[in-house]
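Presented sequentially are two complexes of chain A, the first with chain B as partner and the second with chain C.
What follows is the complex of A and B.
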């Protein structure tokens, strides 16, 4: 795309000045191609900023794992201690910033076009707002709220504006009238049988779900894009080896493999996300490959190759941007499945025991559903709408971004 | 390349994939510290015996003192000859435990697969031929609902409403009732509903998308123009070409959804099927049973994918047997 529109006036003046034929106008021969090339290829400010962001990130990881004394907090004075999962999440958010937010901001015209397409689907717009709220609350909340703690004296508190029979909670936190215990703002969504505040658990669960979805999606996109584009571009034995491997990996039942790992090593959110990320990219790599195979035959790729572009340059500048649409759509439809997997495993008690997740809260209220309906229902509603929102957005993106879907609506 | 060579090669790949799964399992087991051994040694030390002696006896009994390649060959041999070990918690061979559990999984799995296949394809075809009508939107809405609702959550909600509050279905699964009896149907209805809902959605969407490709096709227009009746167009001109890609999603993707969903459904409803067996084995630390119950769905997935690809090759004459 970048070779098509030349922002520098020099080349444009060269071709446009042919009609004037004046001696002062710059001719084709006068254009300093070295300079034009330099302007394209030298590191732009943006590239430097992106590189330095990643350098700072890498320095942070090296500091945390190599330099500082093991077992201490990452930033001792602030009491902040980053785990492997947190580092991965930071990397994911940085990548989203650099490769999604910045390009969207830079190409305002395209962004507006995509937005117009996307806006047609009202459900998807609502979904986007909903996920935005979940993301913001889930990112900020856990920084300021303490983890939900076991507190038997405040068990079975009903949500605010609701009431239950007086005998149910051990000690009713709100007012008792007419033999019924009323909920209070101290626990707006009530508490579990252990007295854990459900609102706090739900907010922690938001972060978990976003981490699962976004980190696994980042790992998936990275591997699928590299494998798919290289397979399509190089062809031959590289294509054969990569795609035969994908054939095998796709038949791998990730869920059951993870069960085995949980059984042998114990569950952790980090291992869950990494396993799902590392084993879930096969289908998307196939999509990338088939898209890239078509793009490889396009005129602009041949032109770039004839002009001496390297393999890396061709893949990075011509193939990748043109397959990104289908990748983003496929990944958006992959994320809800991952969030559901995490919730299912947490529900079975095979997830990460140290992290409050929606599935875990649903499981904790399972036996009390008849008397304390709010414990399982509230996190379940959040889980349902989060998965629904990703499905809606994926569907809208497919309509907006996928040129093959025109007309059929699919 | 001929079709036979392609299928043979595909079968060979399925075998390779199975061997990789087995090898991976072996590696996981080999490099994991044995909790049972640690427990035994702890007991021996408490009783005043020498822990290392116990360890050696334990290792030689199970053959863990052999070099890795001997253990590996042994492991693979046992797996291939269906000698999957002894389940300590159930006091029976792993294969027997699995064979006992399978009928319970089939009891709700088979009806659910049939219902979701027939209904899913029928609704999908109807949606495609009545695109953008109210019923199409209703079907789409239903599909999104089915795709998005967490099955385990939906299962417990249904159980509370219909089991606890209304009392229409039993809360605890009773294994003593006859298979073809009203009581059994009553206690299986909720599992069937939940499993059907989670598998029907993708089938509906997929068959709608496939059928849409043929609704506007030239040969359908021709058939309409020469006055073929609607039902015949639907079954002969739309369903037949669409059924080829549909046959493939049926086997491979549906199997994946059902295997995972049934795991959760059985735990919620207390059905002593394969998923429940596996879950109990994990909770009770019964290693051979965990391996058996996790490997079986893994092999089923591999076989399902194989069947899917073979079905595609046999059914679709347009397929290219090239390198892709």
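What follows is the complex of A and C.
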């Protein structure tokens, strides 16, 4: 019961503002609504910061594509040249910051509660740490490491602590003893048949996988949430048009479209992500719609209307947060699917040939499985654990994010 | 609860909850001769029934079909009726949570049905609503504090510090603690949530609160707590309250005036004490008779409503209550015992609806008599008796003329001439209730009621006597 709460709580909460009338704090009767109406509607600090972040981003894109001379680096002095994919990735990370990290920080109590629930699933906690490491290494590594290069002289080096028959590598980089070539720290995870360092390839692959998963998920969530919630809230012809479009889009052979793009323009990670992001949201939009339809009938939506709330407010503050459960669950299944799909395309040679993705490294080792098992196996292990981790996290999030589950579990 | 609430007030505030000037003005003005705060005229809400892809309208559910009433400043008005009679729809359409189909709603002299969206948004500050289900009237992902502050935020109070102060104060006034602002709805009980609902409604400092079944989802012990809190708040802030309930005890406890609704229409309207002491409409009498009493010797007035509530998509002609009214007016030229007359009307009603199945009656007889093997063995005479039994119609009726009419009708039905039976019953046993719509009129005991008995100055039937003498 609330009645035995600590008595200081009220005083603390009550005197927090200080904008009230004189010595006592403000009550609802003191509000002069005419003054409120006349007052300039100032945006909150948070809204201004978020808006300026996106403005800076937009300015960066405009600079890169409109103002600067084509063919030069984005930031010449640092030698940084941002591609379309990099801009998209930056946008994704900014959006995660603004719409995931900041709200979590603002609602500390809810965040702590989610975390307590999430923590119950040990596998998910380990998965989170694993993905965190992958994300950090994948983000930092490629900035400092050179791309793996073809070097026939150092082909087929075994991983450290491993050894192969002496005849296999062209030139054994490590110690040769007893007719076997031993691995060295120069190539901790060994090298491919072209002499590319597998560790470096795997680190580059981490960035690729994170980009594929996060960017496509961001595109998907944004479109699916807007379409699903609007269809449910407005109903009528808006619902009919949006959902019939979804029906058509779901039947659309996205894979063939991508193949055509590959044949016409060559494989590129950017076009893969954009095509699958822009055409893959139909299923999630349906989930969002059906969930939002239920929520729309709840009395709190009527209560918001009774308070004078706009449609946008109701969708943003009530429908969207309440469908987030199913969206997050669906997305945590979508991300590993996309990562796996990218790996498969790269394995088939339909990926971006300039980007060392895990699928490509796995493919490059498939002829040597008998002698050089590590080439395919090591990136395969990373791929396996990444997908497993997303699934575990999705599972734990679904349990943790339901605010009504407290007390029923444990 | 109240004591604790007052003790918590900081020294800067007087012990008793303060009354603002605006509220005080309203209280001084709470005189029924004054201009009404809310004045509803001919309010209708129809839901179209559509068919096919082109959404062709094939009918209408007349949820609310022309109601008139006033609410004066500081007054509590109740709307009471069975489920499905349109009382909740009336509440939500009169403040345009659903757009009314027809009618005007004057609030403080202005017709709110003419308002554009900006005016409507400003109007929302003046009338707030409390919802029936405390479980669903709060967003599970919004803290209690945010939920109470939502109207403030929406209406443009952007300063979070000010909002927090107001919320803390409101929580204490409704008997919760200011620190509850951080909690989430699932952490509160139903009664606590309904208190929060009151706080949310109060946050706009409204002139009027509409409470749609505010206590029906709560335990009886909590119900009275919430009702007395509403009463306190009304006294302190001079609120007008419109309360929707199917529970007569609730209405009796807090309402100054009450409107009784049946199938989208108001059938009786008056001061609560008058309506409860001397109900003028048979429906009100039936509702009141249904209240259980604690006296084991009081077996109730024995008024029982027969038949189903008709569908609002096809309401009965004339007086909408005539299909169930225990006091339905008898036809001229015949002399019935009132209860028997009601049974004959039930029989007529069934026949008119096409729901009378002679085959089924025969089958019933077949199952009762062991010797019979097939339906054909059931004789016509037996079927006729069984048919009367089915409707509890005595044989013979006390009036020989009426008996003749009824007997020939039953004969026709059993022999398959249902149309003839229908026609003869309709002409012989016609009641004014099925053709004339009664208007809401002033009655002798003060309130208004819409019953042809009052219009034609017929005395109310003494059903109690009839039943007791059985």
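The rule we apply is simple: the second predicted complex is superposed on the first by the 360 of 410 C-alpha atoms of A that agree within 3 Å, B and C clash if a C-alpha of one lies under 4 Å from a C-alpha of the other, contacts with A are read in each partner's own complex, and residues count from 1 in each chain.
Heads up, the rule we're going with is that a residue touches a chain if its C-beta (ideal position, glycine included) is under 8 Å from a C-beta of that chain, and two chains touch if they have at least 3 such contacts.
Just so you know, these numbers come straight off a predicted model, no measurement behind them.
Visitor: Could you look at A:344 and tell me whether it touches chain B, chain C, both or neither (first, second, both, neither)?
Guide: first
Visitor: In the overlaid three-chain picture, which partner chain does A:298 touch, first (chain B) or second (chain C), both, or neither?
Guide: A:298: touches chain C, not chain B.
Visitor: Considering only touches as defined above, state whether A:257 meets chain B (first), chain C (second), both or neither.
Guide: In the superposed model, A:257 contacts chain B only, not chain C.
Visitor: Touching A:307, do we find chain B (first), chain C (second), both, or neither?
Guide: In the superposition, A:307 touches chain C alone.
Visitor: Does chain B (first) or chain C (second) touch A:355, or do both, or does neither?
Guide: neither
Visitor: Between chain B (first) and chain C (second), which, if any, makes contact with A:131: first, second, both or neither?
Guide: neither
Visitor: Give one of first, second, both or neither to describe whether A:397 is in contact with chain B, with chain C, with both, or with none.
Guide: Neither partner.
Visitor: Between chain B and chain C, whom does A:219 touch in the aligned arrangement: first, second, both, or neither?
Guide: A:219 contacts neither chain B nor chain C.
Visitor: Which parts of chain A are in contact with chain B and also with chain C?
Guide: none
Visitor: Please name which positions on chain C make contact with chain A in the complex.
Guide: Counting only chain C, the residues touching chain A are 4, 8, 10, 12-13, 18, 20, 22-23, 92, 95, 97, 120-122, 124-125, 128-129, 131-133, 136-143, 147, 150-152, 154-172, 176-184, 186-189, 192, 200, 202-205, 237.
Visitor: Would you tell me which residues of chain A are touching chain B in their complex?
Guide: Interface residues on chain A, with respect to chain B: 239-240, 243-244, 247-248, 250-253, 255-257, 259-265, 336, 340-341, 343-344, 347-350, 359, 362, 366, 369-370, 373, 376-377, 380, 383-384, 387-388, 391-392, 408-410.
Visitor: Which residues of chain B touch chain A in the complex?
Guide: 13-14, 16-17, 20-21, 24-25, 28-29, 32, 131-132, 144-145, 147-153, 156-157, 160, 164-165, 205, 208-209, 212-213, 256, 259-260, 263-264, 267-268, 278-279, 282-283, 287, 290-291, 294-295, 297-298, 301-302, 305-306, 323-324
Visitor: Note which residues of chain A are touching chain C in the complex, please.
Guide: So the residues of chain A in touch with chain C come to 1-3, 5-7, 9-20, 23-31, 33, 36-37, 39, 41-42, 44, 107, 109-110, 298-300, 302-310, 313, 317-318, 321-322, 324, 403-404, 406.
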